[in-house]
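Multiple structures follow.
What follows is a pair of complexes built around chain A, which joins chain B in one and chain C in the other.
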Partner chain A sequence: MLGVISSLAIISAIPIFAIIINIYSEGARHLTLNFLIDLPPPPVSGKSGGIGPALVGSLILTLLAVAIGGSIGFFTGLYLSEFSHTRLAHYTQIFLQIMVEFPTIIIGLFAYMVLVAPLKRFNALAGAFALSIVIIPYIALNVREAYRSIPYTLKEAAFSLGVSAPIAYLRILLSTARRGVLTALLIGMAKAAGETAPLLLTILGTTFTYFGGLDQPINAIPLLIYNFALSPYERWHQVAWGAAAVLLTITLMIFIISRLVVREVKV
Partner chain B sequence: MNWAIEVNNLNVWYGDKHVIKNVSFKVPKNIIFAVMGPSGCGKSTLLRAMNRLLELNPYARVEGQVKINGIDVYSDNVDITWVRRQFGMVFQIPNPFPHLSIYENVALGPKLNGLVKDRSELDELVKQALQQAYLWDEVKNDLKKPASMLSGGQQQRLCIARALALKPKIILMDEPTANLDPVASSKIEELMLELKEEYTIIIVTHNPQQAARISDYVAFLYMGELIEIGETSMVFTRPRNALTEKYVVGRMG
Partner chain C sequence: MKMKANTKLVLTTIVVIAVAVLVSIFALSSWQTPTQQTTATYTATTETTPTPTTIQLSGMINGAGATFLNPQMQAWASKFYELTGGRIQVNYQSIGSGAGQAKFREGVLDFAGSDPPLKADIYNEFKDKGGIIQFPVVIGTIVIVHNIPTVESGKLKLTGEVVAKIYLGEIIYWDDPEIKALNPELNLPHEKIIAVHRSDGSGTTRVFTAYLAKVSKDWKDKVGSDFTVAWPVDQLGNGVGGKGNEGVAAAVKQNLYSIGYVETAYAYEVGLKVALIQNRDGNYVLPTREAVESAAKTLVTVLPRAYEDWSHIFPDETVDAPGKESYPITSFSFVILRQVYDDPVKVAILKEFFQWVLTEGQKDENIVKGYEPLPPEVSMVGLEGLKLLRTT
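Up next is the complex of A and B:
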């Protein structure tokens, strides 16, 4: 019996190794500085190219999403932890748990209706908006845990200093919970960097321009992979592999950083 | 007489549970006032009702008056942060902020409350508070080190310094020695005797011997009711109430 369970456990771990090996064996050779900053190659000429616009786009979208979703998620999480007895917190928590499971394409569709259709143009802001909504529940629920983990006696110590609640929570107790909060933001960042579905209906995906403004279309690495992999051109397939390796590297780096952050907590 | 604190008809509920029942007493200035009683009798709650720290608990409800210098801390136009600054509080488990340095633990309160003009004034205030808490000589070369490196007794004295740095009028101590060894405990007790020259100290203890050793006035709290109050020497030698007698001679936990 134990043998069966152990082998099942091993089998469940196989995909992640298979994915990593697969992506890097096809994509690792593209990991050069030029690949990161250059424009994509024309589909059929002999020039090599890169994913510059998509990388820039991903950075902008991810940072915007973390800025918007991070602030909303942070304060939501703080509220859930400190006002957990209220009915509002109770229902917010249920909604967030539903949101975690929400199909992200629906969130993209919502962003399309709110920010793309009225502006009559695909735009970066709509993409960042959709990604923010995707990451809010992850950040909120993790920030809630971070604040919940603060010992009650430290909370009392903070408030006994005669400071207002915002100062107690943000200037004193935040630094006690800072690693949990940082982990929450990193999880949100990884999520925002990797999501594709919310971008399909919002940012269009530019191929040859880096950044034209938040009201303009923009590209992102996951969307570039999707578009290039579906294209009929072998050259673009190669770029998609390289982009996949870049995206995987970014995700693994965020994961490693967040593990290091968490480990430090336990010391 | 000018009292340090007056408590009038104080009642506290946690939800439906009535935990402080119509308690009234007055505390003169510059004395140690001990509230003793068995575990769960409401001592800690009583303390937290005075500086309104109890309001961190959403299920707590308070009725009655707590007056400092004639001002009721529960009246509508009184700011809760002002109330808390009138009291310095020391807790049962030494609770310095573990991620902050020794210096920052003491400096935080004055800094956040704008009690000092500049860095040198803050340095002086931190030094003073640490000296008053008998900790300066032990930590003066380690001010930048994290508070978590100190021993339990030192951490508790650091917490006392943190409370003193706010320049409070009254110091509330919630079983400050319950988690310390006898040597560290006696240091804290000596310190309290020193501090009452300048402050009024209200200490909660489940240990009648401690109350007898250090307090000038003592109150006996039992199941939320104030059973007896008076000069410590009187309460311990000639208790008026049978329950008090049972407690002070050690026949009640």
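Up next is the complex of A and C:
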């Protein structure tokens, strides 16, 4: 019985390794500095090109999403942890759990309605807005766990210093919960960097423009992969493979950092 | 203490969120100014140019639409980016003709690319808003592709009527007597035909179904022509949908004994087997340059002006053109613009780019394989139309 269960556990891990090996075997040879900087190539002609605008766009969108979603998610999580007995906290928690499961394409559609259609232009902010809605529940629920794990005696001690609540929570207790909070932000970041659906209806994508302003279209790596992988051109397929390798590297790096952060707290 | 802390924390949270919201609102409202600055970077040229263009504009224009137009538009945009030294960035995303027209209607695009011209209802809607212009930028053809292992490319002969019957679900097997009668020399297998079609709103579907409606009364009565149609063959379980020309091409390649319709460029690129199709004069033709030029001669005779409604002419009247060599599923691919834009820089860039597309862009070295350049009189429609662009 144990044998069956352990082999099933191994089987469930196989896809991850298969994906990593597959992506790197096809895409690793594209990982050059020029590939990270250059403009994407036209479908047919001599140049090999790169993913410059998509990489820059992804960085901007991810940082913006973490800035917006992180600040809202952090305070929501703090509230959920420290005032869990209130009715507001109870319902917020239920809504956040629904939001975790929410189809992200619907969030993209919502962002289109409120930020693209009224402004008459596809724009970077709409994409960052959609991404931040996607990551808020992840950040909030993880921050809640981080603050919950602080021993009650420590919280009592912090408040007994006579400082105001914001100082107690944001300066004294945050230093204890910081690894958990950092992990929450990193998880949010990885999620934001990899999402495609919220971007399909919001940022349009660009070919030559790295960054034209928050009110202008922007590109992102997942969107570029989606567009180029669907094309009939071998050259674009190659760019998509390289972009996938870049995205995977970014995700793995964020993951490794967050694991290191967690390990540190256990020691 | 606890209660007080609670209130304070809630207040802090509210303040922080309010600040975040205010900042974003501020960012939103202050956009107008920096945008104008970024897009309106007038850089005076130092050398004296013989042309009256002493002011060079720079900026980005955003378009989206027809997947068919995408490879050609990317090639043009890329060349133009180089020619202008990165000054003008033409951003085109392939989202399908249907989505392109819808997004154009919502005003979120500077221009739309579409296989058929603007739908009549959208055209009329824009009458009060200053109007639109639309003009062909390149000639496109749709080929019937198949995946019968025993039949080579360019050997299978089909008539429009037979294709209609396949998609109607009336012809089910490849060795159907009607197909055999057209291809007595071929060894056709007794296999079910998998009919692949577009799953998204598509200009290719609009042109293809217009052709079927023209050659088959049954098709016209039962199905008609639109961006998406209810495929009778789907109800039999023998139909497969694919997203974009890419999706259809991939589905045909992956499914043995399938048939599909794609823009010619995609068929070449993916390496699909192409079927000969019977034209109105009874000859079996492939979309060669001669066949397309012959069909284009008829298209030229019915050209409206750029500001007029083209929807009743293209593609319903122009498919299945007469002529001994004419390729029957030949159509234009259109670019659609508003006549009035808020931003004068945008107007100037749109004019500069599309003037180039309609002149230099039509030269052989700038045309991607699978497309055909416009006859000069067709380019004139766009060049004349571009003069109507203006600011509020």
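The working rule: the second predicted complex is superposed on the first by the 267 of 267 C-alpha atoms of A that agree within 3 Å, B and C clash if a C-alpha of one lies under 4 Å from a C-alpha of the other, contacts with A are read in each partner's own complex, and residues count from 1 in each chain.
As a working rule, contacts are C-beta pairs under 8 Å (C-beta built on N, C-alpha and C of every residue); 3 or more make two chains touch, one makes a residue touch a chain.
Keep in mind the model is a prediction, meaning the values are calculated, not measured.
Of the two partner chains, neither chain B nor chain C is touched by A:Tyr91. Between chain B and chain C, more residues of chain A are touched by C.
Once the two complexes are overlaid on the shared chain, A:Ala157 sits against chain B while remaining clear of chain C.
Of the two partner chains placed by superposition, only chain B is touched by A:Ile172; chain C is not.
Applying the stated contact rule after C-alpha superposition, one finds that A:Phe102 touches neither chain B nor chain C.
When the two complexes are overlaid on their common chain A, residue A:Asp215 makes contact with chain C while staying clear of chain B. Applying the stated contact rule after C-alpha superposition, one finds that A:Phe255 touches neither chain B nor chain C.
Common to the chain B and chain C interfaces on chain A are residues 83, 86, 159, 164. On the chain A side of its complex with chain B, the touching residues are 83, 85-86, 151, 153-164, 167, 171-172, 175-176, 178. By the touch criterion given at the top, residues 51, 53, 56, 58-59, 81-89, 91-93, 95-100, 108-109, 112-113, 159, 162-163, 166 of chain B touch chain A in their complex. Put simply, chain A touches chain C in their complex at residues 39, 41-45, 68, 71-72, 75-76, 78-79, 82-83, 86, 116-117, 119-122, 125, 129, 159, 164-166, 168-169, 204-209, 212-217, 227, 230-233. Against chain A, in their complex, chain C makes its touches with residues 1, 4-6, 8-10, 12-13, 16-17, 20, 24, 27-28, 31, 34-35, 38, 60, 62, 64, 70-71, 74-75, 77-79, 81, 86, 89-94, 106-109, 243-247, 249, 265-266, 269-270, 368-369.
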